[in-house]
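Multiple structures are listed underneath, in structure tokens.
Shared chain: chain A. Partners: chain B in the first complex, chain C in the second.
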Partner chain A sequence: MRLVLALASLRRNRARTILAVCGVAIAAAMLLDMVMLSTGMRESFRQLLLSRGFQIRLTPRGTLPFDTEASIADASAVTAKLRARHEIDLVSPVLGASVHVLRGDSSITTFALGVDPTSQGDYQLAAGRDATDPGSLVANEDFLRATGARIGDTLRVAAGFDPQLRTHSGERALVVSGRAKFLYLASGQLAVAIPLHTLQQMTGAAREDRVSLFMVRLRNASTIDEVKHWMRTALPTIDVISTADAMARVDERLGYFRQLSAILGAVSLVVGFLLVTTLVTVSVNERVGEIVVMRAIGVSRAHVVQQIVLEGTALSVTGAVLGTGLGLITARYLNTILSRFPGLPAAIDFFLFQPRAAWTAIGLLTACGVLAGLYPAWRAASLPLASTLREEAVA
Partner chain B sequence: MVALLLALQLRTITVDQRLAADAHVRVGDTVVVSAAPGTGGDSVIIAAIIGRRADPSEIARSDYRVHLHLDQLQRLIGYGDRVDRFAVSTHGDSAADSAVRAINDAAFGFRAYRSRDIAIETSETFAVVSRFHRAIGVITIVASAVFLLCILLLKVDERRRDVAALRLLGISRRSVMLTVVLEAAFVSVIGSGVGVAIGWVTSLAVNWHYQARYQTPLRFALVTGDIVLFAVTLSLVLGIVAGALAARRLVRTHPLVLLGR
Partner chain C sequence: MTVLVQARDVRRDYPLEREAVHALRGVSLEIEKGEYLAIVGPSGCGKSSLLNLLGAIDAPTSGTIEIEGRNVGTLGDREVTDFRLRHIGFVFQRFYLLPILTARENVELPMAEAGVSAADRRKRSIELLTYVDLGDRVKHRPAQLSGGEQQRVAIARALANRPSLLLADEPTGELDAKTGKEIISLFARLNADGTTVVVVTHDESLARAARRVVHMRDGVIVQDEVSSG
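So, the complex of A and B:
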């Protein structure tokens, strides 16, 4: 009964109600987008880091993975030291370098990862065989498209280029053994994975027995602090970065987006709240006579309050539900814009949909709708009956 | 005396403010710089502490910055007589074009680029952020427009009894409509004025916060004349449209109906 009366009241001023629902829907869409932005980016990055189960990255002191050309010396000794620890399940040494695929007089430059195919965590093989043979490589789709190469083709690959003499060094013939999806690279980035020793040999003395980073997987994630402590003591020239440390650094670098999402989310909530409050207040002011008559014929105060609060709630819930759909569309559009950040891994989503985000947005707006209706409802239900009836009659 | 003689032989470096703060070093301090952690290096004197430039490309960078004499850095990192790039100053834009052409015609093993082209290439991050801001701005403007329309429709709707009284007194529909529209326009202009003031104060707070956070003189939020003009015009147009729509409906309704009779 109360709901029927509330809906009838909203239907009475159709244009006003539609506008208010539109306003709440846009506020809800913005709120959902901002909740998705604040939590999604972080969650997406965390999922990416843990996608292959490696909890720790070791990099040259003071650097992030592939942030600079710095490398770790004595890679074999470090690998052996790491593998000797019983808490460590898998160690994946990785060397990053630029290589040139020679095609007649020209060449195509691509990013190369030197990996141990049996322990690597940088790519997922999509077709063909892994690069287990020293004279083979696996490449991503973008590389194969750019070079026109296919699985089974042999490519001439050089690791160095002297711009003054215009000559290549460290040249090798490598067979494309497979196609892979590289997890941490930007979309459109050309990439190949080459056996670590092959790439080290190609890059010459400068990279002999050196790697850019180690990825480490633990048998038991709860031992991470203990292992980190040991690593910092045993390997003083290396930075130990756990997933939590990496997340903290990402938070620091992309903190701007989290702050922006918090501010815009709060503004959306305030706009939704103000809109519903204004509408319900005006609606109540217009119906003072009607409300007082209801009270005079015996309708309880609680009944009046509930009816008015229901009006605000109905506006908010309808707007929030419509806004959820709108928010998902705008989030997709905004994600397309931000995914063009140079160097950002293609797998990162700034606006990651999580059911919790949608429920948070709808819940917050519904709570606002209830709160927005409370004050005008209480004021209307508390009007003195006799004097208000007289004023309404005179008016 | 020995310290003075030693200091005279030491070369100087500059460090950025963040490094100076984090490492607790001051001008005049002697530090050791080396190519790799734990390896031997050169003792140098900090000659100056430098602030960051208003350069957007440096905002997200958390690395420290040190300036050394070129020959000293080349020796420290075993770089030989090599450099990564040269910066060339020319007399005006046309001179820059001809200089780039001349260098590239004669160059062997390197290329010349205009600073503007490099800036475009390296500012892709900021172009993305700018596009994101624009998209958010459009959504905000649509939300504000709906909010404004709703509020102004309600405001005009509240005047139904006044409008009925004016009509019963013989005031023409045109005059009543004009009055209501003018009132809505006035409310819009006053509201947008208050909004501009709030926006200006907010921009001060935003600049203060982010300049402190990123230690840069860069201004993050700007309230320009164009932005103010756009906000006031949009608000005014929406006010007039909302006022006209609501007033049209009111003046078409019989005054006695407006009074509830």
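So, the complex of A and C:
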């Protein structure tokens, strides 16, 4: 009966109730987006790092992967040393460089990854075959679109360019053997993967037997601390970065995002709380006579409170559920915009949907709805009956 | 006859900023089961204050009020609310039906509060609405009913939990003369069927219908007359 009364009370002023639900829904959408933003980018980055199972990255001392042009020398020896450890399952050496695809008098510059196709973890082949042949490459969709190349075409690719002499160096004819999706590159970035040895040869003596990073996959993730310790001792000129280390660095860099989202999320909660409190208070004030009469005919104070709190809760829950849908739509839209942010991997989601985030948003707003209804409910249920009835009669 | 209500030297003061208003100045009154009593007097004489005390929605400043042998002035909020629910029926001048509920749902409300099952509530509410000649209006909301019909729904609601005492504060005050007469005859019928009725009224015809009339002035009972008929 109390639920029936609560819902009927909300139906009495439909327009006001609809407006309030819309307001709560907007607050809920913002809250959900902020909860998704505060955890989404971090979680998305973590998932991306672990997507191919590599738990450790080795980079030149003091750098992050591809942060600078610095590289690791004696790559073959390091690779051999790493592969000799029984805890290590797979080693993927990667060299990053810019290369130029020559087309008559012009050229198109693209990012190239020198990889070992048998152990690489940087791309997923979508069509054709992998670049196992020394004279082949795989390219992403953006590259193929920009160059007009197709699988099977032969391209003239140079690794160096002298702007004063306007000449290219390290030129090589490479066949496009396949199309791939590169996991760690930004949206719209042109990219190719070339066999590591081929790219090292093209880049000349400066990059001979050098790589930008190693990605390492362990047989058993529980040995990670032990392996890291060994690596730091055996390879003192190289930084050893585990996924946890990378996440800690990401956390440092995303601190502002989290603070911003926490503040905006808190503002959304306060707005939702005030909205529900205002509406329930106005509604209660309009019904003082009815409420006092209910108390007079024997409805208990607790039941009056429950009924009014139910009204606030119903508003909040309805708004929160609608807001969840709205929040997911706006998150998708905002994600599309933010994923074009330069330098960030296209695979990163700023707003990663996690059921926990949705439940958190709905739960927080529901709790707000209950709290928002408590004060006006208790006030109404505590009105002195005789004097309020007299005032109502006079009014 | 059995005494249903016993008020002894009841005083009710309302403290104001400068001085207290003495609404009741030592009222003693006995009401027996099955009585039909009207309380009359000029505005501000303390009629409604007395009715509120008899209905346990207010507590006396001093003195005692016993209803069915229980001193209602000493009960806590939860107990007195439950006492009102099960022993007292209220009818107000302005009906105060919940506009969001149908006539039947309004009558069911006190029964739901008392824990009566849905099936029994439904059955009794329809019986009561039929008793007040509104058997064909059970699904109507208050806004779809006339003033007299609304007051009859309010009377049915007051009877929902079979109260031992029915209190009415100016029940014909908002009604035209013809509709007022219908309500007066309904109260007479209720009393004839065994319900103890106490009405506060300015309406002479309603007062004349009662078998006992208590006259009040300045917070005291000045006359207590029982009609011979």
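Definition applied: the second predicted complex is superposed on the first by the 395 of 395 C-alpha atoms of A that agree within 3 Å, B and C clash if a C-alpha of one lies under 4 Å from a C-alpha of the other, contacts with A are read in each partner's own complex, and residues count from 1 in each chain.
Methods note: a residue touches a chain if its C-beta (ideal position, glycine included) is under 8 Å from a C-beta of that chain, and two chains touch if they have at least 3 such contacts.
Model, not experiment: these values are computed from the prediction.
Student: Does the chain A-based superposition show chain B and chain C clashing or fitting?
Tutor: fit
Student: For A:84, select first, second, both or neither according to whether it touches chain B, chain C, the two together, or no partner.
Tutor: neither
Student: So, does A:12 touch the first partner chain B, the second partner chain C, both, or neither?
Tutor: After superposition on chain A, A:12 lies in contact with chain C alone.
Student: Could you figure out whether chain B or chain C reaches more residues of chain A?
Tutor: B
Student: Taking the superposition on A as described, I'd like to know which of chain B and chain C A:296 touches: first, second, both or neither.
Tutor: second
Student: May I ask you to decide whether A:27 touches chain B, chain C, both, or neither, giving the answer as first, second, both or neither?
Tutor: first
Student: After the two structures are laid over each other on chain A, how near do the C-alpha atoms of chain B and chain C get, in Å?
Tutor: 9
Student: Tell me, which parts of chain A touch chain B in their complex?
Tutor: 15-16, 19-20, 22-23, 26-27, 29-30, 61-62, 162-166, 236-237, 249, 252-253, 255-256, 260, 264, 268, 271, 274-275, 278-279, 282, 285, 330, 333-334, 337-338, 340-342, 395
Student: Quick one: in the complex, what on chain A touches chain C?
Tutor: So the residues of chain A in touch with chain C come to 1, 4-5, 8-9, 11-12, 289-290, 293-301, 303, 385-387, 389-390, 392-393.
Student: Spell out the residues on chain B that touch chain A in their complex, using ranges where they run on.
Tutor: The touching residues are 36-38, 60, 62, 108-110, 124-125, 128, 131-132, 135-136, 139-140, 142-143, 146-147, 149-151, 153-154, 157-158, 161, 210, 213.
Student: Using the touch rule from the top, collect the residues of chain C that touch chain A in their complex.
Tutor: Listed in rising order, the residues are 14, 48-49, 52, 55, 57-58, 77-78, 81-82, 84-86, 88-90, 92-94, 96, 98-101, 105, 108-110, 112-114, 157-158, 161.
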